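Here subunit A shows up in two complexes: once beside subunit B, once beside subunit C.
So, the complex of A and B:
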């Protein structure tokens, strides 16, 4: 005996609401204290002197994304004009340059081996370019198309080898791809709008990653099953950036609501908000220092704010860029961080 | 129809230039969507959680144990930070 479709829909909606309430109640039960209260006994941080140590000039338009090589000195960056450049950050020399066939290359990533870079954007694809030692070789000739989405590529990153790439897209999905065959190994559905960012969990933590999107939601995914295992909806606008805390037990997000937030995965809730009344522009990009004590946030008001992750206070504000900071990454050994901006430059800070 | 919200909203690009995805996730099968939502919520509601006090203590302990290895936190001298040299250096 088939039930009326509308009855079943109504029942499901009620069950949905009940479960949401239950979720909130369960989370609230364990909310016995605030992180910054527990951190009161921690020593306060002193004054920070961080300056621009290198400026990388060469992009002809807005820098949209950057990634460090594991060798701690090379950086790949991509820009609105379709250019992808590989830099030696110590000398500021450009080692490679590729012109993509599309504009707005919003995503780029360095392969763990250091031998290739991946990038994509308005072409809806993620392509891998092997890096040649021969400077005269045309990199574009060896390009390999790996991922195909039905809308722009917003972020990409290699997993722990050169063989697999994780992507996020304006089509609302994330996907895991095999680089060699171009085959999709897993897809991740659950966001209700563009997915703007993703970050892979530190390898000790296992096969998960976090994504953030225009639906104001961040989701933690099991890479093997494609299942969303946790989600958080406390931001008030698009989530532009997500980054795992170094232990893998938490992650930070930066949003157009002008705040950065910290979510603890084992407590399953937001545990800190990094905000100030004077900060009214969106945070585009966040990353942690090596110990996780500092959170660097690049903002649309051209500044970089440095936050004490435990106490929730701002410890420094860095000026220098002449337009929005769009991307920011700490180097693999934590000695410096690099920011990219709509002012066409990248800056190395230490 | 799905619109690429970010681009249109930001005014970065003429909305006509953005490729539109055919409606896959939005409302074509409400019943299936509602069932998925309920299943998803069941998964999320059932996970094990710890108290914020314990989670916070663990985050603090991690920071404390690793602080001394954090160059940006501790501020290492110029001689040890390749970026702090005034002249570009040759790394062998």
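So, the complex of A and C:
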């Protein structure tokens, strides 16, 4: 008698569920203590004075993404109106501006050399613009199309050189591209829905990155083989942002379920949840302070919450933006962080 | 008015939720608690001049309730969350188009579930035109159009000039129905309808809370299946560390780097963003590494390799031990991975010749397994041709040369050096 397709599907589903349960059991075996319990012996953090030190005004619509330059003071930001602006955040001067042919430029990144920026969004592409010292030069003319996806570009970042870009897309995949030729070097399949964010591991020897998506999953990938080497599924909604802990042994994620969570790669599990009854809006963007002790989260309720990573408590809540905080990055030397918002502005906090 | 729209069912029967739905549900849970007869906010009818104000509560009632029932210590936070709930239209000030929460005697009213944002109404401009038109027909001071509404009405009249008669008729019909209602009921419904439009056609300058993130609106309708079984099986055999060990590691890392974290330890001489003085950046950029920076190199091997000055010093040390080819090989392979793909085959050959080929001028010592693998790899040269060899050399440097470097007199001298000559910059 021929096997019915529904039998096979049901069997596979059961097998999948059983394996999942087994995996959770294995993970739970080593769960001998909670992070915040061990952190009780650490001194509690005092009050922080964090204020807006600069406000960058110039975008005509929602700011969607930002990235710092390695020089610790320049920033590139992109907006819903198609504009990509390069700022000297220290002086608040705009140094370059490019108008993309599409609206909703959801991703932008600064090249390690500081000589180029990458951006993309609803055009499904990632393009690289070299930054000219000549202010009169038309940047748009030198544009180079690098990545091609079949849905919107949600995030992009250069690997350790100007020559390679890592992208994530609404088409459910991530990919690594050779900038010069536009060739795809590696693709990463495994998410079951849109991939919304990614972050490169900070190690010098690192060949991994983490991604988060609408399937509520975060995945750690081997850049060399394209394989997903670890994955976590504890969030209750879309994962909007992922960021590595500075040691590279853990990463944090921010989600529409209004929580941020910390996952440790060695323990292979979620080790902390950062949430409060009064925080009901999604976290759009997260980043760590240099020591990893603080986690900054930008939220859809216009605020920024500062968390004590080890103790799991909220240290501070920062008001100032007049609409959703959509993007947040700590500067390369940790002296400040920048937040971008749907209120058209960027703010530098220190 | 048009029927609620976009909460359609997708083909597999799962409700296709609007991106904001999760938050709407949470706010509605809070509203339900606020409306609870026993533990909710007391709603009352207030006598005012010659009339009554039905079904209201004050701003301070809301704030107090929130602080008590939602575990909010700070009043500012309660006000902020309350303002957001008002901005989404779940309760509203009865005498203001601007939807905020004030901690005083201002009166607020709950919105009727019919008008909740979770119903995903996406009202058209024609609906708004009918509404504004109806308002002008009703002869009540409290229904007079605000300036921005009058401007909107004028714009809509121009835009819909051809079908204005139809719009007018609809407005008339609605006005007729409204007249038949009980006076008190009318007061309440009118205010709720106005609050609905304050959400969907906000006062200029106010946030439109119905805006959605386009990424969420254009999400894939058919999520695809993934190879879960294989992945899970591979994961089962992973070597995991105990939580206690992991927690200690996270704690000690944070502690070690606390003195380098500008949010905890002010950089020398100051944080540029706070003082407007860029001296600390200039000091970072100069070739002489200060004591604090040199101290970091002893934390772990990665710290030396991350810092260009650290690498330089480490190279010098290796030269003194006649093993600099290891680091130079490692650096060359790192560089190889950063080159455009076009240059890779040539570079691979060059690296092979320099470091690994028989008779290589800077011969490195790798284990036979890595050597054999590399020999195979260079026949079809890719960016990872030297991966095994590179990993082997890294381990060697880390376990062997690195510890000697940290104990070396050269390093110790750098560590002891006082912060010198920074004044020479000027």
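Note that in this section the second predicted complex is superposed on the first by the 334 of 350 C-alpha atoms of A that agree within 3 Å, B and C clash if a C-alpha of one lies under 4 Å from a C-alpha of the other, contacts with A are read in each partner's own complex, and residues count from 1 in each chain.
We adopt the following convention: contacts are C-beta pairs under 8 Å (C-beta built on N, C-alpha and C of every residue); 3 or more make two chains touch, one makes a residue touch a chain.
The structure displayed is predicted, hence computed values, not measured ones.
Chemist: For the three-chain model obtained by superposing on subunit A, do subunit B and subunit C clash or fit?
Modeler: Because the two structures are overlaid on the shared chain, the partners are seen to clash.
Chemist: Could you tell me if A:92 is touching subunit B, subunit C, both of them or neither one (first, second, both, neither)?
Modeler: First partner only.
Chemist: Would you sort A:26 into first (subunit B), second (subunit C), both or neither based on which partner it touches?
Modeler: The answer is both, since A:26 touches subunit B and subunit C.
Chemist: Output check: A:124 vs subunit B and subunit C. Expected answer is one of first, second, both, neither. What do you get?
Modeler: The answer is first: A:124 touches subunit B but not subunit C.
Chemist: Considering only touches as defined above, state whether A:179 meets subunit B (first), subunit C (second), both or neither.
Modeler: Second partner only, subunit C.
Chemist: If you count the residues of subunit A that each partner touches, which comes out higher, subunit B or subunit C?
Modeler: Of subunit B and subunit C, C contacts more residues of subunit A.
Chemist: Quick check on the superposed pair: does A:348 touch subunit B, subunit C, both, or neither? Answer first, second, both or neither.
Modeler: both
Chemist: What is the contact status of A:102 with respect to subunit B (first) and subunit C (second): first, second, both, or neither?
Modeler: It touches nothing on subunit B or subunit C.
Chemist: Touching A:38, do we find subunit B (first), subunit C (second), both, or neither?
Modeler: both
Chemist: Which of the two partners, first being subunit B and second being subunit C, lies in contact with A:249: first, second, both, or neither?
Modeler: both
Chemist: According to the stated criteria, A:147 is in contact with first (subunit B), second (subunit C), both, or neither; which is it?
Modeler: A:147 contacts neither subunit B nor subunit C.
Chemist: Would you please give the residues of subunit A that touch subunit B in one complex and also touch subunit C in the other complex?
Modeler: Correct list for subunit A: 12, 15-16, 19-20, 22-23, 26-27, 30-35, 38-39, 42, 48, 50, 53-54, 73, 90, 104, 151-152, 170-172, 189-190, 192-194, 196, 214, 228, 230-231, 238, 245-247, 249-250, 264, 266-269, 271, 289-294, 309-310, 333-336, 348, 350.
Chemist: Under the stated contact criterion, what part of subunit C meets subunit A in this complex?
Modeler: Against subunit A, the touching part of subunit C is residues 19, 22-23, 26-27, 30, 66, 70-72, 74, 76-78, 80-81, 84, 207, 211, 214-216, 218-220, 223-229, 231-233, 235-236, 238, 240-251, 253-258, 260-264, 267, 271-274, 278, 280-281, 284, 302, 305-306, 334, 337-342, 383-384, 387, 391, 394.
Chemist: Give the list of subunit A residues in touch with subunit C in this complex.
Modeler: Listed in rising order, the residues of subunit A that touch subunit C are 12, 15-16, 19-20, 22-23, 26-27, 30-35, 37-39, 42, 48, 50, 53-54, 72-73, 90, 104, 106, 122, 151-152, 154, 159-161, 163-164, 170-172, 178-181, 183, 185, 189-194, 196, 203-205, 214-215, 224, 228, 230-231, 237-238, 245-247, 249-250, 256-258, 264, 266-269, 271, 276-278, 280-282, 289-294, 300-303, 309-310, 317, 319, 322-323, 333-336, 342-343, 348, 350.
Chemist: In the complex, go through subunit B and note every residue touching subunit A.
Modeler: Within the complex, subunit B touches subunit A at residues 2, 4-7, 12-13, 18-22, 24-26, 30-31, 34-35, 37-38, 40-45, 47, 49-60, 62-67, 69-73, 75-76, 81-84, 88-89, 91.
Chemist: Under the stated contact criterion, what part of subunit A meets subunit B in this complex?
Modeler: Per the touch definition, subunit A meets subunit B at residues 5, 8-9, 12-13, 15-16, 19-20, 22-23, 26-27, 30-35, 38-39, 42, 45, 48-50, 53-54, 73, 89-92, 104, 124, 150-152, 170-172, 189-190, 192-194, 196, 214, 227-231, 238, 245-247, 249-250, 264, 266-269, 271, 289-294, 309-310, 330, 333-337, 348, 350.
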